[in-house]
């Protein structure tokens, strides 16, 4: 895991060409430690096989960039479009999401050949994008899309390997995050204010769901200085947290009972080990708890006499904080104890559940055409999560960046921070 | 269906006694047209049998009011508490919601005897409540709770009767709503403002989820003067609305495909008839469309180049409007065409889907104790609906009243109104 | 439960008229202790509501006897045919079996009126049948069909009442079966032989699945003198029988794990009580075990170093035994300890699982027309059971009588007897 | 697909050593055309991944032969036993059958290394078996077991490839079966007799379920000279066979409706193409219909005024017929038109559904110990099938050989032959 050169998707076209090379090759490097067999498996509907990610990100460029912009571009295999379209109905029908693991073909080697074919075909367009801001945006969008799938590739293969009783590691040679105590928990008070929230589409690349930028009134509140740790979360478990409906939302309790949840997803039954991309490892008390659902985060917060922050509270706090921390570039691929003073761990380590349903900002307009299906159609039943994780590239994140998951989902690198109202 | 004398739950204790008599007897009158057989059936998990409603509302008083406040009160049958607790985990375990239709006992006659037993036992408490505001609140809460179940009783039995190939009417003798044209559709512009939203708990009865009252910034927008009609909705169907994923949220399209939705719940396959509490009746073009899900309302709005209002927009518009219209007292038990000028149908006819996820207001505190389970634990995955319906009692509603349903639910009396942003 | 006069369905037409009155009125007497609410509920797909049995048996006569044979017979309500056809596809479509409990209408009173209407209309046909053997057969078939539903009515309502946490009795006033020790278990040796099996359709009424009569070679074997008792079965449980896959057929073990079976269907968790038509009662050690599946009977037999008898072995042993024992007429409605010397409990107490898949006898021809759907189309995946139960009418049974159930089914009055091969 | 030297498992130990080499290497040759990705996928619970077959057959030898018989044998990886035990509960717990496709590790290469390790370790045991008939039997059992999995490997990968919208071939270079007309259909009369059925365990290798040899009385009947063809089966479809419940067993009709069956498993929607191991190919009218369930075979037979043969009728007819025909050695891997006079296609082409439930022969004793789980515990809910298929090795079959499938299963190479009773 060599480091990834910084890339601002909103940067100049010269940098776009470099970014192309870096992002595309990183995807393949991330798949590098995996056998062809590893790249086929889908362990549940949320998970996609590694080779599906390799192919889908390539389909995105072939379909949305090459075919509309290169008159005589020969698609590598037209039949594959059906297989690797994810959810763009306006583009045509698609293979069922739940059946992605039933596809042994195309093989990994065939998909890598497709990637090379597309990489070669893109070269003239990368040049043309110097004078074509619309084309440049499309390519930037595709690269940011591919970066999202880089994180999914890692979280999905983690689930695949964990599902195997042999518990194989993604890469035994990954460096261990440093051990050591976490910064003590404290709450940082934040005065009432009216904060600007969201991104200005003219100020560098952003997704449509971050727009329009608008002002939000915030009440006085306090934010925890860091993420909740494994040790803190274990106290909730030890206090009977998973047996007491009082702490849970009704739908959350339904999940606890139906799924028989008793601890975070990747903890061993005795709560001493945790499955990581380095395989089963001793659970580090001081590291942030990860792979918990919104329901668990929300129940913990209630038990702790606190609540989750809203996404506006989070964004206002992160607005002037540089995007740095335990991110993909650091190469640990696992959360690590907080060591910085002040408000820390805003970026990296784990995505942070917020209390905010993921919905359109006032006046939101999705992208025109098929790409309008990218974000807007998911604005129901999900919660906003913020800040990226140890599996996110630094140049992919922003304070205004919104990702979103269903409240029961745990397979992503998801943790949380507490907030409090004034007494 | 004689009319129900007006009752403000926040009124004086003298009126509480009268309200008791009126609300309790109305529940029994609503069950009046039904045979014992009708009162047993549960056609899907969302539906409860009529006799379950008769019993559960009585359990509420026995458990939350009589047992804590009458030292020597003898419960009618302690074993029934397990059967008729709905979801109050802090009070004990309960019978599975999905299995309510498996219970032939207690019989309707036994449950009516229980109701009489509780009614008699409540008399001294109704007197004592004159000097005990906490007790008075509890009783008011129980009566409002029972009014909610009156509406559920009607919507649930409607589903039961509709599920029967014989299509029997709840009451053939119900008066038909008047026919005739609806007021033409127009949009009423509303300037940007900062509006007070929610209820002040010290100003008459309200539910905890309406508090605290707080100010919300609203952008300029326009609200439709009335609800969307059957004829308007049919144009969406005729335009292929149920075959075109473009109009739908992703989860909504999933529902359309899984449930094979092609029209509102109670329409006949040829879209000429509608199942009502008077049985199958010709569909009235000018009446509001009803029994549609949030997904359908949202898809229609997108198709129509509009959107759904937020709950704050709705409440700001309704704040000074008296609670009147096609409500339970009118006795039609079915939506009717809009006939009033200006902003109409805010109260009654159908509940209105809003674009707002049902969530806590800033600084929300649930009721103390077990009754804190009443509302707060549902603040996830549901949408706020507003305004009541033709099955709601007038004295049960307020502009700040929030009900809530999952986006896929259709068995309630649910319709919608359009909103628009300025161009 | 007054006793039922003897009725041989193959008797003369004069007796047919008496039989009509007796069978039809017995059905209504069996429903007598039940409230209308009791008669609506369906607790699982195998169970039908009481009022469905009252109606379906009446539909059988209206459809198969009255309409073809009485030119101007007015059906009571043609729409009900769709509701109460069970599985005769050649007659038309039918209401889904799983949804029988969703029907509140027609009410019990309406169905009883239908019964009276049909009873009256049948009078001329009962007379005409004196000279019309085909008509007489049809009526006899209908009466035997109704007798089958009498037993189902009792086993189905038992499941309904058991599913209710209140555990109400069908009839508290039923007499208790006598207590006391069971005859000691012994094995009666039976020499190799070639036995005639099945019924001769010209020798009194029989079902088509008992024909043709044919010879079967039987090897030497031994049959247990009586049914396996509760105490004997408990020893299997205490020996870990439900935790040891070794004793079970593969599909049986699948059931044990999926259904978490740990004991017979109606035993209390501590194995001290049993649910009966008189409600929860102490488990009687010496009485036959009942409400066990084929899988459980088969596993027990393997554990006991024995096997189940084949249906031919059973029939050869029962061929000359009079149909008497603990049958419906005795009025206990529950199995009782064996007290007779020799081969006992062949008829009554519980149906006996055999090792024989239910299949066509060599040369089998189903009844012509729609009634050919009565038996033949179930000749797959089921096992033959023999001998009737304490819920069967004596005049309904014969040594050649074959009933059949799926190997996982337990809600019927099902027990078993052991057999052994010579060492 | 080179031909496989003849191997009688009951032959002398010298031949055992040769058989070992031939059977084990054939398995690997059968997996030869497949990529690692192909070997991972499980498309439904009935299907196992190719690499699972490679591993499971090897586990069988490691667990049942090497560990008990080679004192210092080091298991290759003890943890793999949990993964590759199929259903031998007496040996320990096992990985869930439905989850076999979730295992990316061990990889194909690791499993092939395991196979080589076991092959090497077996050499001394193959020598020792010259003087140890019990050990020789165990090895023969393991080789016959592996031959069963060779057929499963092919039928499972066929399902995997068919499930892929790309429809890739297992091996495009396979020879096409010869085209041309089929022998005309005729019925060969067979007189009543008492036939010896089953195998004598002392006369060469057989499975326990073929014993004991016993006599069965057969009535006069007639057997079709060949298998039912695609053209004949299509006439049933064209006559509305899949829309008419009259022809079907009740459970079969349930399957037709639930699974929406309209044609054999691997036919294209327009009934012109068939998926084969050479990919999609024109359907050959004269070839035997294959990949039909028992329910379809039974319904077709009823429609055709015939029935399926019993397994005893089949075996009596096949008793003196040499095992030859369109078998694995021929290398077509697909059924071909009948060309021989007289009773043909008894062996090879497709397995033949019989009317006989798969059950124990009178006096059946399963193998002692864990291997008793091999066959006996499946003697419920399945039907006997006979004669092997174009995917079976000739030296694996016998007239007394019984395989068995559930009546709804279609993914195996299953067809059928008609039988008739005398008029």
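A, B, C and D label the chains in the order they appear, each numbered from 1.
We adopt the following convention: a contact is a pair of C-beta atoms (placed from the backbone, for glycine too) under 8 Å apart; a residue touches a chain by one contact, two chains touch by 3 or more.
The structure displayed is predicted, hence computed values, not measured ones.
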Smallest number of contact steps required from chain A to reach chain C: 2
Most widely separated chain from chain B, with each centre as the mean of CA atoms: D
Chain centre separation (chain C, chain D; CA means) in Å: 38
Whole-Å separation of chain centres (CA-atom averages), chain B against chain D: 60
Computed distance of Cα centres, chain D from chain A, in Å: 47
Junction residues of chain C, two or more chains touched: none
Residues of chain B touching chain C in the complex: 35-41, 43, 51, 79, 82-83, 95, 99, 101-108, 160-161, 163-166, 168
Chain C partner contacts - residues on chain D that touch it in the complex: 87, 89-90, 215, 217, 219, 245-246, 248-253, 294-295, 298, 355, 357, 359-360, 362-363, 377-381, 407, 421
